[in-house]
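Per-chain residue numbering starts at 1, and chain names A, B, C and D are given in the order in which the chains are listed.
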Amino acid sequence: MSSIPASAFLALALILFCIGLYGALTKKNTVIVLISIELMLNAVNINLVTFSKYGVAPSITGQIFALFAISVAAAEAAVGLAILIALYRNKKTVNIDEVDTMKN
Amino acid sequence: MEFVHEGCQAPCSIKGIVIMMENAWLIPLFPLLSFLILLLFGKRLKEASAYVGILFTLASLVYSILVLFERFSEPTYGTNFEWLTIGDLHLTAGFEVNQLNALMLVIVSLVSFLVHTYSKGYMQGDERFPVFYAYLGLFTFAMLGLVISPNLLQTYIFWELVGVGSFLLIGFYFYKEEARAAAKKAFIMTRIGDVGLFIGMILLFWQTKSFEYKEIFAAVDAGEISTSMITLTAILIFIGAVGKSGQFPLHTWLPDAMEGPTPVSALIHAATMVAAGVYLVASLFPLFAASKTALLTIAVIGAFTAIFAASIGLVQTDIKRVLAYSTVSQLGYMMLALGSAGYVAGVFHLMTHAFFKALLFLAAGSVIHAVHTQNIEEMGGLWKKLKLTGPLFLIGTLAISGVPLFSGFFSKDEILAAAWEGGHPILFLLALIAAFMTAFYMFRLFFMVFTGEARGSQKHVHESPANMTYPMILLGVLAIIAGYVNTPWFGTFLGDWLVDGNEALAQHGHIEGPVWIMIAATVVSLAGIYLAYLMYYKRSLARNWLSGTGDTLHTIVLNKYYVDEFYQLTVLAATTAISYFLRFIDVFLVEGLVKGVVGIVQGLGRAGSKLQSGQVQTYGAVAFIGLALLVVIFAFTGGYLR
Amino acid sequence: MNLSAVLSLLVFSPLLGIIVLALMPKQAEKAIKIVGFLGTLPALFLSLAAYLHFQWGKDLADFAVAKQWIQFRGLNVDEPYFAVNYELGLSGFQLLLVALTAIVATLSAIAAARFVKKEWKGYFMLFLLLEIGMLGVFTAENLILFFIFFEITLIPTFFLIGKWGYFEKEKAAYSFLIYNGLGSAVLLIVIMVLFAKTGTTNIDLLTQMMADPSAPLSSDLKLGLFIALLIAFGVKLPIFPLHSWMLKVHVQAPPSVVMIHSGILLKIGAYGLIRFGMGIFPEQFDQLATLIAILGVINLLYGAFLAFIQTDFKMVLAYSSISHMGIVLIGLAAMNQAGVQGAIFQVVSHGLISALLFFLVGILYERTDTSLIENLGGLAKGMPIAAGFLLAAGMASLGLPGMSGFVSEFMAFLGLFEEMPWIAAVGTIGIIMTAAYLLRAILGMTYGKAHREFTGVLDLKGVEFVPVIVLMLLIVLIGVYPSVLSSPLQTTLETIMPGLGG
Amino acid sequence: MIFTGEFLAFMGLALVAIIGGVLLLNLNKVIHMVVALIFTFVAIAGIYVLLSAEFVAAVQILIYSGAITIIMLFGIMLTKHDDESEAKSGKWRKLFLFLGILGFAFAVYIGIYNFNVEQVPTKLHENNTLQIGEALYSKYIIPFELTSVLLLVALVGSIILAKNDKKKEADKE
């Protein structure tokens, strides 16, 4: 039994998620955008792990899912960076607002 | 298909033997077969197509005669089967053989058979010979089908098919502009009339819940339909007859229809189809008889058409057009007879007219065949060259002019009597004048074609081959003797038989007019002939003694009272004007609407495309703000929008 | 006997063709055409089998199929489920339309083999997809399913017009998509409102529910929904003034697509009006019957008068389609058995006739490179058979007895004359005008002096005879013995009519 | 509210995590931002420990604080950064986004606030790694293997993405 209510963890996750979201949607630097996304994933992981402990039927599954999420995040970071480097090589910039190839 | 025997009343089932009438539906089927065979194999059969057509129509003819003879001794036979179910309305199709039908069957199949035979010679060498016979078969099928129809709907169906047959045959020389125009005109003009019939038929249906003649007559008899409704429907149906029979306002197509091959003119535009209007009025006679107004309308239109067309016939120079106008005029006579309650008179004249007019047309065809022109100014002196055609044409002319002892005399006399007895002295007078004109212009035609000097370039004038002359001879005989079936002198067999066993018609049977009418009619027609004799044979009277070429009166009549031009200026112009007006609407209003819609869509698209900056962050931001909005609303309202 | 799988098989049978086509190389022109044609055959045979099944006196309800598909509900456990089921069914009316679709689709595939000159693979795949959509529309027993199939018909049609059409094909395709997209958006709103309010989209259930006075819809809302439906299907039908897209499509689309479009796609509008408009909202239909009758007469006359002055034969036919759809409205507005049956007859009959006419136009255009009436003339000389069929098709279209057009026209007017004789009387002018414009156009093309350059053109040949003769035979069959259509319809009429109180 | 040691630890870790996040938003130099985030990641690992997920905590430190941060630093080093980049981009967008996020946070917070989670005793902290291992190799074996495939694909993909263009450039020159 823990003395900390589940809502505390959830609230923390919420705050981190919002920070990550704000960063992902406003920052210019692509690296930072990627990192912000990692932060959002982390927030989600907190929720997963929280619910693996709290709730009517706690189980290890939440943690396992957190692990999967972490590994997917790692893969994402790697691919994201590779794209970033390829992009940089073509455009000579990492500013996300200068990347608008989708428009054409 | 289950056959429901309902037309067969008690006596016939006892007497039993009605084999011929029971299978009367075969009669129209023969020509249909001919049509189908020629349509499919015509190309291969080539000239042999004629034999197919002739054989099948001969079968129809023989069968019709057998049916007619059987009908003399047996009562009406009819049968129905269900054709179309609409919920609880059951529409039937079937056939019926009553006196009028049986008579018409014989007339139609006879004339058709003769024309088939005649065309073998006349159409020789035409590359679309099989097509011509196919069309003839279709037409004959439709006409025979029309004749045996027991109900209005079926009548209407065949009525239209007859129109198509006529349309196809008029436009047979499709490469001629005139033929195209004439065919189109014929179809559309008759269609205008048909719509009248269509409306009348449907209105009548909702009054009686049936298309069957019998039930309609029963309802009329029982007074189930208000008089005004009877008048309305009767007049509407009469409009249909006006269209088909070329009565006054819708007559203009008939003379133009002469663009078709001449045998066609003989078959369709003299003996059968144009008589369909008269036939329709005759077969619906009990309905018309229930409304004085309707009868009067018919009589007035008939009389007016008779004199109107006759007056145009006075000045025409195309041999076929003269005959066409005389047809219109004679049909007017028949209508006048029916309108004056002279049922027998109308039908009688229909029969005699079929024979002598078919004869005249075939003879005219023979003349045209010989001299290759239709303009009577370029003919003349053919009497000696066409030894057979000449006398036959004369017989026809005498018959139509109402010279005593010829068939036309008796029937015309009966019509005049009907008009007089029917209490229409003015119409009677008109009819008398028309009779005078008829005699005059027919003999004018005769004298111009067959007597005097040869005008124009006639080189190899020769008599027509036998298969053209034999039909004419047969018709010639009929044109003389057909009148004797119903005369005041030798008994009124036809009249008695036609109304036999039919109470509704009994009071409209043979009409015995005063003797002076007969004398007056004779005098008038002889006077007409004499005048023509003076002007065109003896030439003791200048041709322009009354009105020279170029005079106003002459011009007006020559141009057929400008009826065509009138239609051109009113109906056609109005239609075109409406069309262009609607096009204006289509182009500006509707397209405007379209432009508006397109504008809105494009505007939305442009606005949308501005959002498409190509920047992922913007997209994400917009999407997220939308989501946030939804979530917030969701949180505050606590669930679905309520 | 369990036949419930048959219907799904029928609807999705063209999928087989699509799969086979997808695996074929692009260049195999002949094989692609054959597969495309064969792909339409299963549906054709199955629908004919269903027709025979009916004619042998068996019940069409045997074909009905209902499976759970999508279910959802709100967060509260006690809320009822919103269920969208997979429900197909066949009534007499639907059977006719399915058979019509299968027949016209097969013939159109034959025509396409003749007329499509490039990228056969894509064409036939889209074409078969379109067929699935059409078959689905006519068999769906569920509004959402109906809507999905309805949308499936839009997309392939858009591409078929836009890619394989004539000069202004893109414009035509876009105006098709925009109009029909708007129409289907309106339709979607109606469906969603009905769904939200009643919790079901099953058509029969809705029909029963609406007949119940305690239904959870106010009469104002119902009227609004009905008007929206009228607009949604009015675009499709099309009703004046929503018709202009259809003119472009008829002129620009390739003949084989126009056959389908004019033969079947337009009929979805009529089907929708009858099945949903009249079935679900009978009272509202009754309320607006006069308006619909007037709209019908306007359609009839408007189309006829405009067809009278067109110079392009395709335009004549396009306007004549508008005119003929007026007759459908006229029949429906009558709200009696004769009228409704006439409308349904007109739907089928016009499907056949217009398919035939557009096929012939396609042939003419291919041979002469023009469809302008004034440029043609005297074609009866060079191609007598085609000219003959053209004339016969024209006669069918103008309502010649003995052909299908007459029966439908007759019944529609028969119906309307009982209810609104004056409007009907005005409408009969349309009968005259129809004859006038069709004869003007057809005689202008086939009769008259032959243009010298057209004397050498080829007449109908080979496989071209198949669509022409099949369609002509069907037209004549319906005209001569209309019971082939009317007998399946009786049960449908009996189910629609009680709702109309007549 | 009882100030147990556990609670204090939570407060401290949470504070560090949030401060790290806020610094990420407000620092100017990219390198600094990444470094700030390391604090957050480590703090989150602590939170995991509080949630009886020791193994996840270890993984968190290894992967996030270790691998991902290093990758990001490499990314930063390999690219050019004009660090005073925050300037022109729409103030309005930021405002709207801020409001939106605020609204979103508020709405979700209401949900969290009203969300009463029962707590039952668990044995997650006993032999945590063993439990995870058992679950991974029995129940979640297929996802686990798929993850390995995913990682492989990601590896190959990143190599190709990063490498491909160089070859092209070489071709050009």
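Keep this in mind: a residue touches a chain if its C-beta (ideal position, glycine included) is under 8 Å from a C-beta of that chain, and two chains touch if they have at least 3 such contacts.
Keep in mind that this is a model prediction, so the values were computed, not measured.
Counting C-beta pairs in contact across B-C and across A-B shows that the higher total falls to B-C. Look at where the CA atoms of chain B average out and do the same for chain C: the two points lie 37 Å apart. Separating the centre of chain C from that of chain D, both taken as means of CA atoms, is a distance of 58 Å.
Spacing of chain A relative to chain B, judged by their CA centroids, is 89 angstrom. Computed centre separation for the pair chain B/chain D is 94 angstrom, with centres defined by C-alpha atoms.
The residues of chain B that reach two or more other chains are 621, 624, listed in rising order. Within chain D, contacts with two or more other chains are made by residues 93, 97, 101, 104, 108. Every pair of chains that touch is listed here: A-B, A-D, B-C, B-D. Partner chain A is touched in their complex by these residues of chain B: 612-617, 620-621, 624. Residues 1-12, 14-16, 18-23, 25-29, 31-32, 34-36, 38-39, 42, 45-46, 49-50, 52-58, 60-61, 63-64, 66-68, 70-79, 81-86, 88-90, 92, 94-95, 97 of chain A touch chain D in their complex.
For chain C in complex with chain B, the touching residues are 74-75, 175, 178-179, 182, 240-241, 243-245, 302, 305-306, 308-309, 336-338, 341, 378, 380-381, 395, 400-402, 406-407, 410-411, 413-414, 417-418, 421, 424-425, 428-429, 431-433, 435-436, 439-440, 443, 446-450, 481-483, 486-487, 490, 493-494, 497. Remark: chain A residues 21, 24-26, 33, 96-97, 99-104 touch chain B in the complex. Those residues of chain B whose C-beta lies close enough to touch chain D in the complex are 618, 621, 624-625, 627-629, 631-632, 634-636.
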